[in-house]
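Both complexes below contain chain A, partnered by chain B and then by chain C.
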Partner chain A sequence: MAASSDRIPPPFPATEEPGVGPSDVADGDSDEGEDIFSNPMAVSRGVSQPDNVNEEPPDLFSDEEEASSTTVKSNGVHSDDDNDLFAEAHVELSTDTPGSSARKEPSTSVGPRPASSFTRSPAAMQPTSLEQLEEEESNDSFDVDVAVTNPEKIGDGMNAYVAYKVSTRTSLAMFRSKTFSVRRRYSDFLGLYEKLSVKQSLHGCIIPPPPEKSVVGMTKVKVGMDDPSSVEFVERRRAALERYLQRVVSHPSLLQDPDVREFLEKEELPRAVSTQALSGAGFLKMINKASDAVNKMTIKMNESDTWFEDKFQEVENEEQQLRKLQAVVDSLVNHRKELCGSTAVFAKSMAMLGNSEDNTALSRALSQLAEVEDKMEQLHQEQAASDFFIFAELLADYIRLLGAMRGCFDQRVRAWQRWQEAQSTLQKKREAEAKLLWANKPDKLQQAKEEITEWEARVTQHERDFDRIGMTVRKEVLRFEKEKAKDFRSQIVKYLEAMLQSQQRLVKFWEAFLPEAKAIA
Partner chain B sequence: MMEEVKEVTSTLSVDRDNINVTEVLKDGDSLTFLIVSQKLSGTGEYHVARAYDDFEWLQQHLFSQEDVPGIQGVIFPPLPAKAQVNASAKVMKQLGFLGLGEWQLYCKALETFLRQIAAHSILSKNKAVEIFLTSSDPPGRQRVRKNIFNRLSQAVEEKRKEGHKDVDQFFQTERDQNLVLAGCAKTAAERFLDVVQTEQKIAVACGHFSAALHLCVEPGEDSDKQAFSKACVKLSEVFDSMKKNMTSVAENNVSTLGLGMDLESRYQEAEKEMLFRRTCKLVELESARRNAEKAKPVKKAAMEEVKKAAETEFDHICGVAKQEIARFQGARVEMLQQALVQWCEKQLLTAKESAEQFNQHLQTLRGMA
Partner chain C sequence: MTSTIDESNKEKMRSVSVDLNHDASLLIDIPDALCERDKVKFTVHTKTTLSSFQKPDFSVPRQHEDFIWLHDTLVETEDYAGLIIPPAPPKPDFESPREKMHKLGEGEATMTKEEYTKMKQELEAEYLAVFKKTVQVHEVFLQRLSSHPNLSKDRNFQIFLEYDQDLTVRRKNAKEMFGGFFKNMVKSADEVLISGIKEVDDFFEQEKTFLLDYYSKIKDSTAKAEKMTRSHKNIADDYIHISATLNSLSADDSTANKKLLEKLSDLFEKLRKVEGRVASDQELKLTELLRYYMRDIQAAKDLLYRRARALVDYENSNKALDKARLKSKDVPQAEEHQQQCLQKFDKLSESGKKELTSFKGRRVVAFRKNLIEMAELEIKHAKNNVSLLQGCIDLLKSI
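== the complex of A and B ==
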């Protein structure tokens, strides 16, 4: 991971923030990232500076831009008339300051959502209270809204794919404009994930995973996008991609990553090719391979900090719980779909009965009944969709996120092991030096001394890395738990609102039917 | 124990609107039903215990009233199929709605059966009814001679007669209509049962989800953990409400429209049987007429006798049938109307209660920071 030092750091917003250290990033400072941590810097601008934690600038490592021409068709039109997209998707930057947390609604929601916005005051750098007045898109708020919409099938046959419109609305100066959109295909999202994983997971960040590949699903879509299962598949994927992006941009470190910005802004992306590994099974395999590698290492980590051990156990337990929940929700969704089917069939048989009936009033009532049942079928459909999109997908997302979290823990152990290995190498070098001293070979001795110096530096580096990763993992875990609590709560609210609405509509149906039933003479 | 029923006519001594099947007792594999009827004169009740076989005994006696003119034109109130403890899948399918739950609906159906008999001008006069409702001993289990009434269309030849063209437009229309309605009603009842059973499955799944959520409650003083736990507990409550709601919805469906559709379906079958009996008689009559025409002088008088008898019987049947049909049409519309109104009212109430509950959950959730 060579760090290129010619990376232009993201431009910071104009207003100065007193109290923040030198804001230049990796600019020519260090090749291996050693010195970046001597410059504490504010990553989330305008947010109160956490005192002790060093944020690593995300553009430390950069990928070489691929020069190959893109095969992705994109209409590259930046449209500014997409305000409606954001009516519901609303993401706040979250801070790392304990005690202040941004609310995040990662998926579209209906109804009033309390959104908090930061008000940046140029003069003062105190922690802003989060529950500010709700302002729409005030220029002072650090909003980045992303939406994924308009799935469109491009091409034909087995080479066809679906392109989505990715729209961004932001007030951050690091973007070229305030609202813009691009077209992206699924492999682009995977490509982004891959790039982020390589870079960021080494720091201990939890990289949100994108939705899994599905050969079956995509094949159906390639054949035709019209049948209900294809429609459902595309909608499911669209929603999952949107949540994925929203999680990415709401992560303070990830948002800084130039790849993220490029993904959002750049007209045409080079085609991501090496996404084979990232099928659903592949993703899990990757995590598990990392764990296996960790387990196979001969130097077993002795955990000085039980916090990590305990947390890891919690994560594993939680994953189990969520999987159980997921199974139950899946069964619920299936039954609801079944109910749609049986209701529709019943409605038809009632219609037939109504048609055959002689008595006029009875006939009309039965026909009305059939219509009521048709409307109920519609309701059941919506309820099934609610169950699914609100809970099933939520659980699936979090199971994936927990997997990513496990990956972070493993990264930390790897970092520890690298440190240990460096120490052992250093030890060997010292022993070699001692031997040379005794053998009295001055020229070789010089080399040995140089090597020792080098390795001492490496040991220090690795130790720092380990500490840093530990802190990042801690922070990430706390942030995750916060987000999780918010996420679940907001989804439950959404669900209840939907259920309430269903019931109210149901009440109306019955109220309309009652006079018809009474009118039978 | 009364072995035989000699007298045919009597007047019922119980209030026909106040016959109740109050309880069902399980005795091994068989079920015993407790029937309570109000005495017409003075106060007091009759309490009797009857098994399914006793109901069949009653039905047989009603079927075999050969000296009642036109008896074959009666639409006999349908007796539900036999219920058993640990019934086979086939039996359960046959029972449909009546097999659900703990036999409450089945008892209701038996009750309806008895009330309809007691309210029938011809049938209520049969002594067997009085005995059934009032005798403390179980009525005799001896087999009454089997007659042509019991099950429709066993033999293939019989089946052919079903399509025999009628001489009377009124009856032809009624037969055609009945054929269509009987089919539709049966199908609709079966489909409605599917709906109800799926609703029950959803209720169960909601219960599972509610229970599983409790396992997700995390201990700890961490405020985020607590927030998450609270959310899980809340969601668990929500799904418990949903379970209750679904259960109510299914129960409402069963106890009103389900019961109604079941009765309609079985009653259409009963009308079908009556019309078939009449059609068979018509075939018999036409055959008797032909025989009388073709008869050689020796046999002529005898054939004429047979023809006359057939004509008389047929006329009686048609007379009774017309009355029965009129009564039936009125009764079924009334029954269905009641079922639909009750169904709608109950579902409306359940929906309102449910909406209120969801609203409360929503308020408390929003109140939780």
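== the complex of A and C ==
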């Protein structure tokens, strides 16, 4: 964190953007990843470079560790301690290229720029090669830490909900202060996602998805928060919400979105009603989703760039395999829990046997064995929690993220479709003009010519947008893959380290038992 | 499927009983066994210096039912009423691996070829383990007989070892003669009788209390230990699937994640082998130990029962004598009968005491040996896991 504290990012432009609807693509939305701004601190590199971000994936799940000593599960409802929130839960700041002096500012902005400032054509934005893209990715870092803690049940009965504390620590000037926190509920997180999806997905960004809704889980919580499955549900959701936010703030474009800022900063958020399943907005969404699906089916995209096709296939395969793996890991978690249970029961039985035993030394040894098995049960429980909260959740996250990625590819296909539709409309207009020419109606002809010009511009715009999205998608995919590799590595290492410690403790327990067994006479 | 057990494996297997087969005058082992569908054919091999046998070195084929016949005839023999008859070996039970094999066959389509092969290997290993265990258990039964001063001289035992024809005919005759009557009686009435009797001897009073209580506890522990071992096996199986899926992911991956997935897949493959061994060692050292001594304690309880019955007989004969004296009729017969009962009871008590004391010692020694071995194996496997995990972690950190 120290590394970036002396950098001051440029002040965020005052123009707030209203929600951008799907039809507004032609308004010249700013592009992600373009260096449009002219802050003197920016190091110019000739042709403007796409903005690059590459951070270490946030230290996921570290909150659990500090809140509980032995078992993750015991990270109960009220047990988080405030002081250490950010000790580990931060977006790590480091650059992959040490000694790089060219610290670029995060300079993307979201929202409609006046079309005039948007002078450069997409073509000039393209990096000369994919390798250059990758290199440039390695230079940036952000200075925002978020944590989600202190789940608290508010209210009673079926209207109850859980409020989480969302704390931010930052040195970015675009925020009002350096550390602050707000209380948010799950539907707020979901609302943020919906807003971002609507705005950002048009540009080809991969929007991290939050954890799914769960009627069953929430009902249990509403009824009472004390049983272990409720505690587990709340903890799982809390950790998933934290990772969700961390992914959002570590994405350079998303961080600039005013909705994100509002989410982190504003005291009271209006209730996100569009997330309610049966509301009017909900129905509208369902219909849109359905029509999109149909749309996709009728126009098959004629792919000029096989990269996209190959990648899409890869993503689909990977998602399938991850689901398979998730199922097996779930089975592992269950078997591990069973082992806990059967070990505990066995330990009790062994203790009883030890009591019955009339040979004193053997009786003692059997009692000791019962104690060792009790300790083993504890180890198995911790291992099961680790299997679940680290391994299984990692897989769940990436299954969701791959889904988001597929959505991103879909956006590109839609951009292509719009372009094609514009082209066919232009064609029709031209045909109409030709007819008018032949029929010799000069006044209508003028109008026709104007329309043709208009549509020609539209076609060009759509083509540019399509190329631009293509580029963004490519960039996003690369960024995502890098993040994923880092994320997997850090999580798997964490998982294995936990397993290692568990086995080391196992050795100690049995080594302590051995002399007892040898003492039997 | 034919399976052969070699010497080194036999040594390892002889785990639950101790001090057997050291007397060179009569050495018995089961060097070979064949498994045909459900039936297991054991080759019982005897080496002896005793003149009571026709040859010094010979082998015969025997089935499980032959062992049961031998056990039952020994139990029914009056002369051995004061001895703990070694428990009969349990019937070979391949139900569990067979069922799993069936399930595997049904699920074949959902797995990769590699995964299926690995699962099949695991099951074959499990099948082999069950097989080895049943051979061991039958062998130990015979060895306990051969090392017992009285039982080793039993005529039926000799027939069992030597008779080179099929024992089936003999088995049928025996069943007709005894009808398994005594055995059935023992099973149903023993608790009531043993606990109901007024004990005259402190030693037996204590033994009775202890054995009844211990039996129920050890039976419970055996069942719980079995469940624990099954859970371990399930986890080992899960590791196979995890390893296989990671392998598929790695094969299709073109990003930086590829190597990580590959290494992780290797690790899980190795971990599952260790986990499998943890499960089977626990089974052998702990579960088998408990199971064996549960059966042995049942045999000790049977001894107590027989003695209790002899006491009842003696008391009844006393009453009969009193009645005869009252009626002055058939007094000498009654007296003789009473004497016989008394003698029988005393003989049972004396030999019973000896048997129970040596049983205690045997049990403690066996527990000690197995608990030590189990602890050592647990440590070994955990250390193995530690080094595997550390190796993988170092590898992943360097990717």
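In the analysis below, the second predicted complex is superposed on the first by the 348 of 521 C-alpha atoms of A that agree within 3 Å, B and C clash if a C-alpha of one lies under 4 Å from a C-alpha of the other, contacts with A are read in each partner's own complex, and residues count from 1 in each chain.
Note that in this section a residue touches a chain if its C-beta (ideal position, glycine included) is under 8 Å from a C-beta of that chain, and two chains touch if they have at least 3 such contacts.
These numbers were taken from a predicted model, which means no experiment stands behind them.
Asker: Superposed on chain A, are chain B and chain C clashing or fitting side by side?
Answerer: clash
Asker: Between chain B (first) and chain C (second), which does A:N159 come into contact with in this model arrangement: first, second, both, or neither?
Answerer: So A:N159 meets neither chain B nor chain C here.
Asker: First (chain B), second (chain C), both or neither: which does A:N440 touch?
Answerer: neither
Asker: Let me test your reading of the model: by the given contact rule, A:N359 touches which partner, first (chain B), second (chain C), both or neither?
Answerer: A:N359 sits against chain B and chain C alike.
Asker: Is A:S349 in contact with chain B, with chain C, with both, or with neither (first, second, both, neither)?
Answerer: After superposing on A, A:S349 lies in contact with both chain B and chain C.
Asker: For chain A, give the residues common to its interface with chain B and its interface with chain C.
Answerer: 314, 318, 321-322, 324-325, 328-329, 331-332, 335-336, 338-339, 342-343, 345-346, 349-350, 352-353, 356-359, 362, 365, 369, 481-482, 484-485, 488-489, 492-493, 496-497, 499-500, 503-504, 506-507, 510-511, 513-514, 517-518, 520-521
Asker: Enumerate the contact residues on chain A facing chain B in the complex.
Answerer: Going through chain A, the ones touching chain B are 314, 318, 321-322, 324-325, 328-329, 331-332, 335-336, 338-339, 342-343, 345-346, 349-350, 352-353, 356-359, 362, 365, 369, 478, 481-482, 484-486, 488-489, 492-493, 495-497, 499-500, 503-504, 506-507, 510-511, 513-514, 517-518, 520-521.
Asker: Given the complex with chain A, which residues does chain B contribute to the contact?
Answerer: Against chain A, chain B makes touches at 177, 180-181, 184-185, 187-188, 191-192, 194-195, 198-199, 201-202, 205-206, 208-209, 212-213, 215-216, 218, 222, 224-225, 227-228, 231-232, 234-235, 238, 242, 329, 333, 336-337, 340-341, 343-345, 347-348, 351-352, 354-355, 358-359, 361-362, 365-366, 368.
Asker: For a test of understanding, state which residues of chain A touch chain C in their complex under the given definition.
Answerer: For this pair, the touching residues of chain A are 314, 317-318, 321-322, 324-325, 328-329, 331-332, 335-336, 338-339, 342-343, 345-346, 349-350, 352-353, 356-359, 361-362, 365-366, 369, 481-482, 484-485, 488-489, 492-493, 496-497, 499-500, 503-504, 506-507, 510-511, 513-514, 517-518, 520-521.
Asker: Given the complex with chain A, which residues does chain C contribute to the contact?
Answerer: 210, 213-214, 217-218, 220-221, 224-225, 227-228, 230-232, 234-235, 238-239, 241-242, 245-246, 248-249, 252-257, 260-261, 264, 267, 360, 364, 367-368, 371-372, 375-376, 378-379, 382-383, 385-386, 389-390, 392-393, 396-397, 399
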